[in-house]
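Labels A, B, C, D and E are assigned to the chains in the order they are written; within every chain, residues are numbered from 1.
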Amino acid sequence: MLSVRFQHQIGQSRIDAAFDAPAGVTALFGKSGAGKTTIVKAVAGLLRPDSGRIALDDSVLSDSSTGRFLPPHRRGIGYVFQEARLFPHLNVRQNLLYGRWFSRRKTIASLPQVTEMLGIGHLLNRKPAALSGGELQRVALGRAILSDPQMLLLDEPLAALDEARKSEILPYLERLRDDLAVPILYVSHSAAEIARLATTIVLVDAGRVIASGPAAAILSDPATTPLMGAREAGALLTARLGAQDKDGLTRLDSRAGPIWLPHIDRPIGTELRLRIMAQDVMIALERPVNLSALNVLPATITDLTRTEGGIQLRMDAGGEALLARITARSARVLDLHPRKQVHAVLKAVSVAPGSIGTTPSAVQPA
Amino acid sequence: MSAADWLTVQEWQAVALSLRVASVAAIASLPFALLTAYALARWRFPGHAILNGLVHLPLVLPPVVTGYLLLLTFGRRGTIGAFLDQFGIVFAFRWTGAALAAAIMAFPLMVRAIRLTIEAVDPRLEQAAATLGASRIWVFLTVTLPLILPGILAGLVLAFAKAMGEFGATITFVSNIPGQTQTLPSAIYSFLQVPGGEGAAGRLVLIAIAIALSAVFLSEWLARMLASRISGG
Amino acid sequence: DVVIFAAASLKNAMDAVAADFTRETGTKVVLSYAGSGQLAKQVIAGAPADLFISANEAWMDQVDREGLLQERRDLLGNSLVLIGNDPRATPVDLYSGTDLAAMLDGGKLAMALVDSVPAGQYGKAALEYLGLWDSVAASVAQADNVRAALALVSTGEAPLGITYATDAEADPRVSILATFDAETHPAITYPAALISTDDEARAFYDALSGEAATARFEQFGFDVLK
Amino acid sequence: MLSVRFQHQIGQSRIDAAFDAPAGVTALFGKSGAGKTTIVKAVAGLLRPDSGRIALDDSVLSDSSTGRFLPPHRRGIGYVFQEARLFPHLNVRQNLLYGRWFSRRKTIASLPQVTEMLGIGHLLNRKPAALSGGELQRVALGRAILSDPQMLLLDEPLAALDEARKSEILPYLERLRDDLAVPILYVSHSAAEIARLATTIVLVDAGRVIASGPAAAILSDPATTPLMGAREAGALLTARLGAQDKDGLTRLDSRAGPIWLPHIDRPIGTELRLRIMAQDVMIALERPVNLSALNVLPATITDLTRTEGGIQLRMDAGGEALLARITARSARVLDLHPRKQVHAVLKAVSVAPGSIGTTPSAVQPA
Amino acid sequence: MSAADWLTVQEWQAVALSLRVASVAAIASLPFALLTAYALARWRFPGHAILNGLVHLPLVLPPVVTGYLLLLTFGRRGTIGAFLDQFGIVFAFRWTGAALAAAIMAFPLMVRAIRLTIEAVDPRLEQAAATLGASRIWVFLTVTLPLILPGILAGLVLAFAKAMGEFGATITFVSNIPGQTQTLPSAIYSFLQVPGGEGAAGRLVLIAIAIALSAVFLSEWLARMLASRISGG
């Protein structure tokens, strides 16, 4: 568990950070210039906070009251910078293996595994000057992972990558999160990435932490919706892979009922978590027929909140929270109100593959 | 016609000695220059300005003065010289003294070249190395040092060239003893001091030029290798 | 081996003398040439010199005061000449009325450093003796040694110069316009001194006054003092 | 109209580019390392192609057959690099105004307008070293715009920005596109950005242009779907803003029928284009009742294509093409086949605000 | 006790002259050094290696030789000297000649310092400037030049310091005319040539050191300004 509590003045900006990052992925989310990178730097030891204390489990990384300040190279971190920062005089292989010279463990991953996952096997003998933007970013990610860190700091590691590549890397990060009991700080602007990976979310605005907590709670909390953007609101659902149907669909069993999704290549019994975006959920008063939407989950409305351009609905479906975003007109026409029984209608293909992740084994989502 | 025929034994010795003095001066002063340059570029300490001034002194002082000061301190009767003598380290009137004089005269050039490249190294790369577990010294060895190789090379060339041409401090400190302390510039000077010596001096000047240019060309070639090593595929 | 520290202007002559000596005796002679002042300071600082031949007495006196000399004697003499860079120039008379300034015609009179280098000091003394110094003082270009002064004249940079006769005679591009009378300046002497107690060194010291050496010195234009 | 046709060998990669970019936004879309940046560099003149010809309208920028090569500073471009490349010795204001020293026109935009739009007004006196990643990117964008270019080259200009900031910048880029009759080359990994802005799309893969053409055609072409990712398939619909209803909804009139969306702040009569993602469209055999989806458009199926994990349906709705992605099971259950009459069901809130753009006035989408 | 009392008029003149010579040498050679450094760093042309060798020559040659060569070329009867004489440009026996000698001796140091920083400039920034409409010369003036200011400053300091200490080439070329060409090193040398002159020489050495250190300190301060200008808020 990483505990971060510090204040720092940088230029005209004041950073006041206070949050805990348990093992798993802690997402730092906030606008450009909010202070995300500054927070990550303080954790890395590249910046000495004016005051405060940062500790990883029992080891104090920095504490202004005692004057303790562990230098970066003794913090056991793997840091993917917002800019790649590859070593220009080393080739890709040497860059990737750089951290190995200094690490004792050598457990997490092997070079072939990492290059395979990142698709950089053919670049090993190139110098960074001969790489494209996305290639640089992938090598930087590989370098951090291969240094066998006790804590990963990822500052927008996938920003320059295409969706296809992202969807190859995300499962790998998920595995890292689950296999290593180490905290991962993850800065990203993509709510989909965060929803998929994050166990904890920290919302940063104008240098201050304005909300932090378990991902499921933050993502489905109407209070944080305006901060994350209404389009990013959604519920996190835990489900177990129940069956692989012959027509290519996968059945997931959740407390809310069975959910059919396009084929998910995981063994039966795997615990998964899916993010169901509020805007992908329709409300029907009776079970619809002759409609292409396969998933109809009975639910009870718990509350209605007005949001930018519509109504956000919270429902309880067999104990799982569900969110739906609909227009005010629909809410009026359908006469929706708390405690009303409805059906949440969800297209099978609406759940983005990027937002289905495995449940973190180390930390259960709250 | 080989160079051996073209030169007298004594001239030949001067060439060999100059080569040795210049190489040793350039290479032996490198570690000190590196440390000084690093300290000046990166550290803030009370004596910073003083050290910086001190490094420039050999440039500012007329070479004879530097030579004279060397004689006073490193001579057999000098404070440091007498002390080192106990350990069998003698500079006065030895080729080692010529190398010391050349090294000191070339020191400011070397330090400045290296310092300029150290200041141009992106500290963010060094930070990146630190986050990957490299301690200060490892960061220096694996990141800073390779990146400042062009400056080190430039410093070595400047020092070598300067050492090849150094005359005033050398002749004042270690005199002009053929086979022992007579470098090319001293030999050239001797010829220029007597009537009709210009021809012989000119010949030695051409040799000095040839040697120095070879060193310069070699360093350019190395520098280009270094550069292509960074941009290369 | 015998190590000899000698004023740089003696190079040609001393090289020949040493070669003769080596041929005769088989003893190797090592010659180190530099400015008299530099050599004197080095001898004082403990240089491994067996013999020292200075271009003036002052520096030899300096070494002498340190008690480093076994023996010394005035070895050579030289004379001072006025040179011009026009090979066809006619000789001039040097007396108190010589209009040097007119001969310079706005150009410079090349000399060695008049306050510190012997050749310059002698030259200044001679001009003062003749009462000509004030008329040319502002036009004097002082070089750091006699050879550099000679170079200024031989390249035509300066129309006139004052050097030793030995230097001037060896340069075909300059002509000797006049020789300063001996009484116009202190005697030009090159003292030689024995520093080491070594036998070979003494042998060379003695040989400096021998017939062969005398012939060599005279060949290069020096007066050999008896 | 920018015409690009060149071949170039860079390291082991061979780039073979051939496409036309009319006025409006031409999106370069492709995987990391595909060659997008290399193409943009060739257009900018930072790279001299081995062979081929690049021309802007009547002016030849480079032509290997004649040896002509116009140097970058005479091409009148505004280039936002993948890395910001701000001048470290100039402050933000000086960086922004740098291009002004060399331009004669001075028409596009004023400094206050641009700083306002990019939210960098408070940074004007800072040096780039004191900016965050996203701030750097915004200044770089401003610098390019303020240089009054005759052609804009934007290499992932919004990659480091949060959604909120993006949605402030996108309308501005839209305006640039419409107000200036200049070509904009736009590299992006975000299909939403591209769908919203692009008039032309160029798909690049392994150095080759594998498809190029009008955005609507490329986006709804099943052949290009695998390249863009199935999730990115969608139809581009042109509609006119018909009415602002009192309950906060906006009615758009399209050939496919009326479409209600959450409030769109544009005057009545504005031509808009919306991207309707295939995965957001459900198919109903009869008009559904008691469902929160407001938009039901009658349509005729034109064809069905099997795609990764489902079926992609193309429909004709009053002359507009519509796409839907459904599971094979639904297709079987509903017995869908070409020429069948169906209803396309679309949630009002499903159309992302980011994907509603104004119709480029200069160039009509094909 | 003021410096004026402490020094003779002639020494005072030597101080003033040295200051003038060193400043002019450093500043006047800057444009040439800049051009040469840029050419060496950025252009590939047939004479590249030759030019590079030539630049290093003053370092390699004993100063007297350089002075002698200057005399042969820039003297009144020298090829270039005679030509320039027609336009009233005279170096021989003038302080301008001392400045020329100092500038040439310092040239390799200046060129190398500037070249090292030019090579460290990120060409991508220059490309960015070009895309914004800046022609080559404007790119140089608005991007390259400001970014290499540290190197220019270093070059100026090295050149100034070297020029303050230059003796051999200067005295050989323009000799020692009090009030006209007698620089501090010449004056110091004169003192060292007479027995017992060390005291007087020492006094002048202290003055030379004080001047050069002031220049070095000033340059450090300027460099720090420059650096904070880039990292500053």
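Rule of thumb we're sticking to: a contact is a pair of C-beta atoms (placed from the backbone, for glycine too) under 8 Å apart; a residue touches a chain by one contact, two chains touch by 3 or more.
Protein identities per chain, from UniProt: A, D = Molybdate transport system ATP-binding protein; B, E = Molybdenum transport system permease.
The shown structure was predicted, so the numbers you read here are calculated from the model rather than taken from an experiment.
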Chain-contact steps, minimal, separating chain D from chain B: 2
Euclidean distance of C-alpha centroids - chain C vs chain E, Å: 35
Length of the line joining the C-alpha centres of chain C and chain D, rounded to whole Å: 90
Chain centre separation in whole Å, for chain D relative to chain A (CA means): 26
Separation of chain A from chain E, taking each centre as the mean of its C-alpha atoms, in whole Å: 60
Sequence positions of chain C contacting 2 or more other chains: none
Multi-chain contact residues (two or more partners), chain D: 11-12, 83, 126, 130
For chain B, residues contacting two or more additional chains: 64, 68, 189, 192, 233
Chains grouped in pairs wherever the two touch, ordered by label: A-B, A-D, B-C, B-E, C-E, D-E
Partner chain E, residues of chain C touching it in the complex: 35, 37, 40, 58-59, 61-62, 108, 110, 113, 115-117, 140-144, 148-149, 151-152, 155-157
Residues of chain D that touch chain E when the two form their complex: 44-46, 71-79, 81, 83, 85, 87-89, 98-99, 101-103, 125-127, 129-130, 143-144, 147, 153
Of all residues in chain D, those that touch chain A in their complex: 11-12, 30-33, 37, 82-83, 122, 126, 130, 132-135, 137-138, 155-156, 159-165, 189, 191, 229, 231-232, 245, 247-249, 260, 262-263, 279-280, 282-286, 288, 290-294, 309-310, 324-332, 334, 345, 347-350, 352-353
List of chain E residues in touch with chain B within their complex: 49, 52-53, 56-65, 68, 108-109, 112-113, 115-117, 119-120, 150-151, 154, 157-158, 161-162, 164-168, 184-185, 188-189, 192, 198, 201, 205, 208-209, 211-213, 216-217, 220
Touching residues on chain C, where the partner in the complex is chain B: 3, 5, 8-9, 11-12, 30-34, 38-39, 41-42, 45-48, 145, 147, 150, 166-167, 169-171
